[in-house]
Amino acid sequence: MTAPVRTRDRHEAAVGLPRLLWVPAGLAFALIALPVVGLGLRTDWPRLPELLLSEAALDALRLSLLTASCSTVICIVLGGPLAVVLARGRLPGLQVLRSIVLLPLVLPPVVGGLALLYLVGRTGLVGQGLELAFGITVPFTTAAVVLAQTFVALPFLVVSLEGALRTSGQRYEAVAATLGASPALAFRRVTVPLVLPGLLSGAVLAFARCLGEFGATIAFAGSLQGTTRTLPLLVYLARESDVDAAVALSLLLVVVAVVVIAIARPRTVAS
Amino acid sequence: MTAPVRTRDRHEAAVGLPRLLWVPAGLAFALIALPVVGLGLRTDWPRLPELLLSEAALDALRLSLLTASCSTVICIVLGGPLAVVLARGRLPGLQVLRSIVLLPLVLPPVVGGLALLYLVGRTGLVGQGLELAFGITVPFTTAAVVLAQTFVALPFLVVSLEGALRTSGQRYEAVAATLGASPALAFRRVTVPLVLPGLLSGAVLAFARCLGEFGATIAFAGSLQGTTRTLPLLVYLARESDVDAAVALSLLLVVVAVVVIAIARPRTVAS
Amino acid sequence: MRRPAFTLDVSISAAPGEVLAVLGPNGAGKSTLLGVLSGLLRPDEGLVRVGEHVVTDTAAGVHVPPHRRGVGLLAQQALLFPHLTARDNIAFGPRAAGVGRREARARAEELLTGVDAAALGDRRPAQMSGGQQQRVALARALAPEPALLLLDEPLAALDVDATPAMRALLRRVVRDGKQTAVLVTHSALDALVLADRVVVLTGGRVVEDGGTRDVLARPRSAFTARIAGLDLVPGVCDVGGLRTPDGLLVSGLTDGVDVGDTAVAVFPPSAVAVYATRPDGSPRNVLPVRLAAIEPRGDVVRLRAAAPPGGPAWVDGLAADVTPAAVADLGVEPGAELWFVVKATEVAIHGQ
Amino acid sequence: MRRPAFTLDVSISAAPGEVLAVLGPNGAGKSTLLGVLSGLLRPDEGLVRVGEHVVTDTAAGVHVPPHRRGVGLLAQQALLFPHLTARDNIAFGPRAAGVGRREARARAEELLTGVDAAALGDRRPAQMSGGQQQRVALARALAPEPALLLLDEPLAALDVDATPAMRALLRRVVRDGKQTAVLVTHSALDALVLADRVVVLTGGRVVEDGGTRDVLARPRSAFTARIAGLDLVPGVCDVGGLRTPDGLLVSGLTDGVDVGDTAVAVFPPSAVAVYATRPDGSPRNVLPVRLAAIEPRGDVVRLRAAAPPGGPAWVDGLAADVTPAAVADLGVEPGAELWFVVKATEVAIHGQ
Amino acid sequence: GGAAPAETDPSPARTLTVFAAASLTDVFTELETRFEADNPGVDVVLNYGASSDLAQQLVNGGPADVFAAASASTMATVTDAGLVEGTPVVFARNRLQIVTAPGNPEGIAGFADLARPDLQVVVCAPQVPCGAAVERIETATGITLTPVSEEPDVRSTLGRVTTGNADAGLVYVTDVGSVGDAVEGVDFPEAEQAVTDYPIGVLATAPQPELARAFADLVSGADGQAVLAGAGFVGAP
């Protein structure tokens, strides 16, 4: 059985890995881990508690967690359907749509932030409309942070979920249809549970990207303590005056990320 | 048959998509596309040729393409095996390794660059060794750009490939083993072809991320025309004095990305 | 329905409540046919009607999606939902039809018992054996009680204990329920027990179509004869028998066929006597063959013929049922040259 | 080998060059057994030896990986490599063994012809029918000529034309080649044609083990009797026959069993006469049954019994083969109450 | 922090939004505390960033009361858009200093030494104010540097030297002061020819014009100047 969702039988003997793989895998791991370890070594541990427990740091941490969570939820709610349409839809020009979805990845985040400012800023196309119609201004609010994060993180979710949808195929949806399930029901009861691992790993990627987001946020949402100054922005500011503080705050970011991912990931694997 | 690699039968009737999905999918697409369109509207088209054909722009474009390609290749060569080990290996603590691989995603790129500098810089742990042993200094060279890009892009490749490996499962490798294929052979002739779509979409993600990379490059490699100043760095600088130029150069980046992705992607789908 | 190197071109119909068996060699287009009926495949040209409703009409551009056809399909591969337990797999269809959770589970429980898998209710597909999966898949296909039920080899992979029980269950469901059913099978027994009518497909075309008993008792194609366990020789009707392509006359009783018509000669393997040397005697049909295989079957042993060197090709595949004692007396091994002898009175010749 | 609610506990062996058939109901552990032999599953406790080499020994912590066991496995699911053509699928094994590309393709071509799929060489699995995939999978398993070949229902999903041909091919390969083979099947015919010895598994345990003919001619378990097409009644040996659990005496010829031993009474369905009313006469064994199913089988019709209300449970599943004319005379429908009558001379009683 | 800065809330809890160049972080954070102490019920919200980004935000409708830029040209972007009330005031100036490893191991004495081929020198890119200053000095002295990198901001330039990856760099005096003993600053006379101005302006659209003027006054007033001087800035002209 294909069983993306299967309980691994503890009796299944591991299919061996080619030995040679371990060398590049080790190198790749070292490339990622060593710089972070180096960062840890540079850290001024005794000063750490003071730095991390400052009001500014706590504000930023709270804001970072809040906005990254909101953005991830929005990414799932909007990006999930987009991934399904890209993977399953039969539209002319789907190929072009697919490339466009990747654009926020290529755009330097600051430019992405500027693009958002041009669009949703008070003088922007959409921004003017929003202000006239509802009296809402988006930039420099926490909503702007969420928007900026969603913009940069959306492609992550879409691309990994689309990959999972493609790999899992449509066989089970076809079976559901022959059992009388409407597309909506088949989607809810078959597609979603089957691609849950893909969705979760996409969500983890998106969350991580949101947590680390800097350029688009500072350009679009500004850097206001408690409202828009997330941890990465605080790191940037701290660097102006105190590199040690910046490093310490980065480590906080790293720890938060590892904790959140460790909480989210097990389900990916167990299911 | 699971057939991630199958020729789609043109007779297969599409399993319908729930209608309601199109609304969030459209929203998600608008969220990504509208800012970019807004950027296009802001562009000073008459000045475009002059801006894009300047020596600085051409140098940056050449450098960006060169380094992003190199980095993507390194990501595949190193990250591919790492993904396989993470998806298939049976090691205690794999869960932790898996979270660590995501760190470059969370770390603000500038901090990532700093971390690399601490490690491979002249006074860094590895950097000192390199200088003593081979007289090599890495920062301020094109190699540093590649290193910085590889560092930030590696998780993309690893995570999406690992997802594909998990979804495709190990059934076919088990079959290969019962036919007498060693793990190395099974890897080459079964695993790799089966996860090719996942590998390609991971590579596209990584390439896009490399192309847009700014923070780690500036912090680690520096910014010198022809050697380390890639397009995003040029965009960032240009924006200090001339926002129009920055927007134009960003559009160049966008066009390059779309072209490269459009060339790379079709294979993902056809195969 | 056209595919590279394969074209399905059939016209079949089943009356409401009728059970239609589809027989045919591998690759004949049986699964493709069910795909078209269920709506999972779109034919290049064609019209499919279920009850009063046209569900596919390529001329008019009609293609009703599978879930709105009232058609259930048990595909050749079980494809149980890997994330659901056996019970939830079976309850899926009734739930999709709007049946309440409790009622759907009760129905699932009942069907689980029906397919003799009551103990497996809480298992996921990956925790079941091949035959267990097949049972649950059958139960799942039966659960929504669609107006038209399409079953692709539903009894494959089942053990001897289960097969009669499942067959009885299917019979109950499709005969007593007022469901119309199309059943793909490789077993004459399934067709005989379950089906009113039989369609035989070969190479994407209908080669036989009729009441189950008629078709199996008077096969017109080599494939049907093989399924029915009969020997068949094709040729042209001649006076007193059938003239084979190489000119030999097979004597037999003609039955409403005119001389010169294409016809087939049919006889049961049990009517074939086997000799190691050419016998002299009353039987008119004496065929030189090479022994291809010896297959014990319960009380008798089936000897399967192949064409002898230089002999006619049409003897290939003919079977003779003899007693084990006779085989011992003959003392033969595959490859030996033998004579198959059939009395003319045992040979029925009918038109094609 | 332990799993929740299932434990496989067997000890089997096959001499070099021997073909061993494994029979058993669904979920008996047949596939699990092959998994352990091939090395894809690690047993909790156990020892597996292939030729001279110990390949699994849980006590010593030995587990040779599958690809170094010289063991080939055709699993229950075809699982053809979806990215390779049929030809490349078959050539995979020889290529893995270091055979040159050209030679491997030649071997693939030969096997493709052997499984009657020569036209499919360039097709991908998704472009083949179920039976076609099964053929290619069989060819793929045979291609590397492993010392020990494990085949899990290799002839399922094949059409009647193909089955004898594949059986002959298998026979050629496993009998003439010096390969040892373990063959899982649900068909007595496969076992009789292909296997020297038979092992019957039920619920993870070996219930019978012996020469194919012995086991099938003198079944000791209900399952084996069913596979062999015989009727079986379990009980205890008594003077002149077999005493069933509910106290009835089934008369028959005892055969080296002592009174008081557990034993089974075995008789062929063809020896069973059927009456609508209780007959008077010489036959000693007169069993009241309820008719469960009527199955036409070639020349005869098989009547399958179920326990009548209040009657003994062990009659459930007994079969009687009668002529179609007799059925017409009886004029019965499933559910009718009948009498099954067997002469004592037809009943063999042997120990268990 | 707290309430969204866009709100014009007439209640006693008033919010003053100040957009300031990131290099002013320390100074303005201190001045924020003072201003809030002097004006109870006022919450100063500071938005730090690259001057050019801040200018873009303002041009695109960013709701600020005060803008303090790190260069005259970025302030010009905002005044050209007609967003500044009156004329911006230069409240501080900054000049370049050579920065080297502690103890000046390479013995760098003046601007001319930076052209030595054995040295790895980093400067700011000409597009940013500190790089523009370097360019002016180069023109004035006729000495052309061949830096290994042209950084996009002063902090990056400084970071190169603090981490030991460059032998010398050209940064603002204020930056050298902020990192303490990690580096050593070397003054050179040509720096006086390329002083960078820090202008401050009250926005025409300021929701809190009086408070804005008060804040600008604080910065250019004695208190502000003292804090600025403490950070190494040269006072207003």
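Observations, loosely collected:
We call the chains A, B, C, D and E, going by the order they appear; numbering starts again at 1 in every chain.
Here is the rule we go by: a residue touches a chain if its C-beta (ideal position, glycine included) is under 8 Å from a C-beta of that chain, and two chains touch if they have at least 3 such contacts.
The chain list, named the UniProt way, goes like this: A, B = Molybdenum transport system permease; C, D = ABC transporter ATP-binding protein.
Remember, predicted model here, so these are calculated numbers, not experimental data.
Under the contact definition, subunit B and subunit D share the contacting chains A, C. Here the chain-to-chain distance from subunit C to subunit E, counted in touching steps, is 2.
Ranked by separation of Cα centres from subunit C, the top chain is E. Averaged C-alpha coordinates give centres for subunit A and subunit E that are 34 Å from one another. Subunit A and subunit D, compared by their mean Cα positions, are separated by 54 Å.
Between the CA-based centres of subunit B and subunit E the separation comes to 35 Å, rounded to the whole angstrom.
For subunit D, residues touching at least two other chains, in rising order: 3, 39-40, 65-67, 127. Looking at subunit A, one finds that residues 2-4, 9, 15-16, 110, 114, 118, 124, 171, 174, 177, 182-183, 186, 236, 239, 243 touch two or more other chains. Those residues of subunit E in touch with two or more other chains are numbered 53, 56, 159.
By the document's touch criterion, interfaces exist between A-B, A-C, A-D, A-E, B-C, B-D, B-E, C-D. Partner subunit E is touched in their complex by these residues of subunit A: 59, 110, 114, 117-118, 121-124, 127, 137, 139-141, 218-219, 222-228, 236-237, 239-241, 243. By the touch criterion given at the top, residues 50, 52-53, 56, 73, 120, 122, 125, 127-128, 147-152, 156, 159-160, 163-165 of subunit E touch subunit B in their complex.
The part of subunit A that touches subunit C in the complex is made up of residues 1-7, 9, 171-172, 174-183, 185-186, 189-190, 193-194. Listing the residues of subunit C that touch subunit B in their complex gives 1, 3, 35, 39-44, 63, 65-66. Residue ranges on subunit C touching subunit A, taken from their complex, read 38-40, 65-68, 70-73, 75, 79-83, 92-93, 95-97, 124-127, 133, 140-141, 143-144, 146, 150.
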